[in-house]
Amino acid sequence: MSGALARERPTTAIVIFALLLTAPFWLPYVGGYDALATRVLVFGLAAMGFNMLLGFTGVMSFGHAAYFGLGAYGAGLMLRYVTSSTMLAVVSGTLLGGLAGSLFGTLIVRRRGVYFAMVTIAFGQICYYIAYSWNSFTGGFDGLRGFSRQPIDLGFTSIDIQGNGTAFYYFVLLIFALAAAAMGLILRSPFGRTLLAIRENERRARFLGIPIERHIWMSFSISCFFTALAGALYALLNNFADPLGLHYTLSGEIVIMTVMGGMRAFWGPLIGAAVFVVLEDTISSMTVNWMSFVGIIFILVVLFFPRGLLGMLKRRDAA
Amino acid sequence: MFQVVLYNVTNGLIIGTFYVLMALGLSLILNLSNVINFAHGNFLALGGYIAYVLSPHLGYWGALLVAPVVTAAFGFAVERLMIRRVYNRDPVYSLLLTFGLAFVMQDLMRYVWGSNGLPLGLPPALAQPLSAALFFITYYRIFMVVFVAIAITGLFAFLRYSRVGVRIRAGTLDLDTVAALGVNVGVLRSFNFALGCLLAGLSGVLAAGQIGLNPNMGDDLLMPSFIAIIVGGVGSLTGTLVGGLVIGLAAALTTAVYPAASEAVIYVIMALVLLIRPRGLMGEEGMMS
Amino acid sequence: MSFLEIRNVTKKFGSLVAVSGVSVTVAPGELRAVIGPNGAGKTTFFNMISGFFPPTSGDILLNGEFITRLPVPDRVARGMARTFQITEIFPELSVRENVRIAVEVAEGMSRHFWCGAAARARVDARVNEIVTQSELMPQAGRLVGELSHGDQRAAEIAMALSLKPKLLLLDEPTAGMGEQETHQVAGLIRRLHRNSGYTIMLVEHDMRVVFNLADRITVLDQGRMLADGTPAEIAANATVQAAYLGNAE
């Protein structure tokens, strides 16, 4: 009724949240652990944020690691140098990555296709370069250490998310759920539908009177904020911010998670992130040649499963 | 002091010529097929390793000439088998494909030749320094710059005067029209991809003589090559040449004064171009937008 | 009194003169057709009116206001909506969603992140009204990309109607269609004109469509205006016949 998302069955969301809420209980039986599940949530959030742009606006960024990494450094630097408030650190990281994206976005919204992708990659590499050159402040090549996530102070009690991995998982899950709800609402709003219009047919959208560049910029910025939020959570997860978190290799991984799960499906990127994170974890523990396997995943997805996992399910539904 | 400056400048110049050669290959493929070849740096490394394998049999000079051709043949096969399948799809797929290919190629080269550096032997004459005072400049460095200059001149002459070259240039402007004229666009694109890989392979052989071989040797050149294309203007091969020379020289001159900033200056140039002249130095308005 | 007035417009692309000194006035409620052989400059002429590019010289007035160099969104805001020779729609969205996007944009909601119940009811009502008016109710829930040519065109016109246009610009509305679909689309245009009173300007190739529909016809040939009159006058015009027969294959 209200937008293409209405074709998403609500049962998908129910199943996903049922699995996520109970994950700490069933994971050990299948060889998983809390930190792995938290990684899935973090990359799922990053990829879902990214997919606002790729899947729902039809614009191809290949540099989203920049905003992810800036989110991580923003949170890490805050905890290391300024505050002991975990929430403040998350907010700072999100703002750093999001605002950097918004600013950079103004320069590039007129570009399209592969050119847009190239410029976003190059911008990401600038951030990467700064992070590893500015040794004294960011820890350079070795990454930023010397900070750790602090207990969440709720006034009447405080929650230990540092020593207790399960508590941290639920902390991340709460933020993930709020962010996913926000993204869902944005995509179902009239503004969200203008993004679909731009994806479907830019010329038509322009002649309806939609200011294309402005809306692409807004979509790009929103997407950067969500990806930066994921990055901030990633820094908390590892108590570490890594310059490789800004590198274009990670951008590529965010893209493949999104495509593998299904870029036209709201939950696709989360599914893709789950598959990718678990596969990477398994393969890298089995062989030193895991890069080949990751590369082969890329190639196979592109050549044989371009619609992604959820995309194929949907297709079967329609048939 | 003077020697240090001169040393840095020649280093910068040589790196600049590699930027240009890499960027031209990338640009050829980008312009005709709308594909960003993330694996370009790996084709470079492959060229170097092939030369390493061939040189005991063919000698250095034989390897220098044959290795790029073998690299190109490999590129041709890759294009036929994989890349060709994604031309008519969303650009995200070609990016992911070459990205995955880069991973696989790098890992396989590591598997076959090891992750430690290997040397590529040079003919003794080339390995000599120019003189005792200029001990840090070998004949090989001069030879590289001259050889690259000849190769680039040859490329532009090929594109201007040969039948295939003219078709490639025409296809860059309007592929549909070229197809309508009866040109087999599929073959043209495969050939063009191979040509790009030929340039990468050539860079690899030359680079191997200077810095030796390792599986990641092309990685550091990929990003500057992107930037050379952006600075020069997407869609213009001349622009790429100019862009590569500009950032190469800028990096060289910065290295002479303050080596640590040589990479930063490239990014600063890109940022300035994006701010002041978003379509690039020689790019045409409306291209790619 | 004229609603759309084109004064002596010329468009050059380099040394090529695509349109040369054409003047046309369209009265409110009129259905005007622009015809001409291939290469007559019809599309260029049309693109200048809709704001794809400005004329090299000359002026365009809508409702007495100069709009010669106004960008597209500002023209849309002043009541101009267009369709394209190749149907421009949102293929992977349903008819209803296509229309809804257009309605929301017309209602000034394109930057709203939230849609209240009252606004939603208003939008729903308007979407229904337009889907009915463009005779697409039976297909409302289907993806536009899966519809027939004729229905896709109707959906495109529906989107244009959502903008509450005062002037509807249709670029070859029956291009590439078979007998039956041409009939369907021509019928829709006629009913929109007669029953709903839209002012319409269309460029058309198919002569039968034009002579049956239009109040007045403008004939272009090689960038110049050859004739301007009622269908009967045009049919009787010797110059027009010569141009058409001379150019016919």
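Letters A, B and C mark the chains in the order given here, with residues in each chain numbered from 1 onward.
Operating definition for what follows: contacts are C-beta pairs under 8 Å (C-beta built on N, C-alpha and C of every residue); 3 or more make two chains touch, one makes a residue touch a chain.
The structure displayed is predicted, hence computed values, not measured ones.
Here the chain pair with the top count of touching C-beta pairs is A-B. Distances from each chain's CA mean to the overall CA mean are smallest for chain A. Remark: chain A and chain C have CA centroids separated by 43 Å (rounded to whole angstrom). In this assembly, the C-alpha centroid of chain B lies 49 Å from the C-alpha centroid of chain C. Per-chain Cα centroids separate chain A from chain B by 32 Å. Per the touch definition, chain B reaches chain A in the complex via residues 30, 34-36, 38, 82, 85-86, 89-97, 99-108, 110-111, 223, 226-227, 229-230, 234, 260, 263-264, 267, 270-271, 274-275, 278, 287-289. On the chain A side of its complex with chain C, the touching residues are 2-4, 185-186, 189-194, 196-197, 200-201, 203-204, 206-211, 215, 218, 264. Across the complex, chain A is touched by residues 50, 72-73, 76-77, 81-82, 84, 88-93, 97, 100-102, 104-106, 109-115, 120, 156, 159, 162-163 of chain C. Partner chain B is touched in their complex by these residues of chain A: 54, 60, 62, 107-108, 110-115, 117-119, 121-122, 125-126, 129, 133, 248, 252, 255-256, 259, 263, 289, 291-292, 294-299, 301-303, 306.
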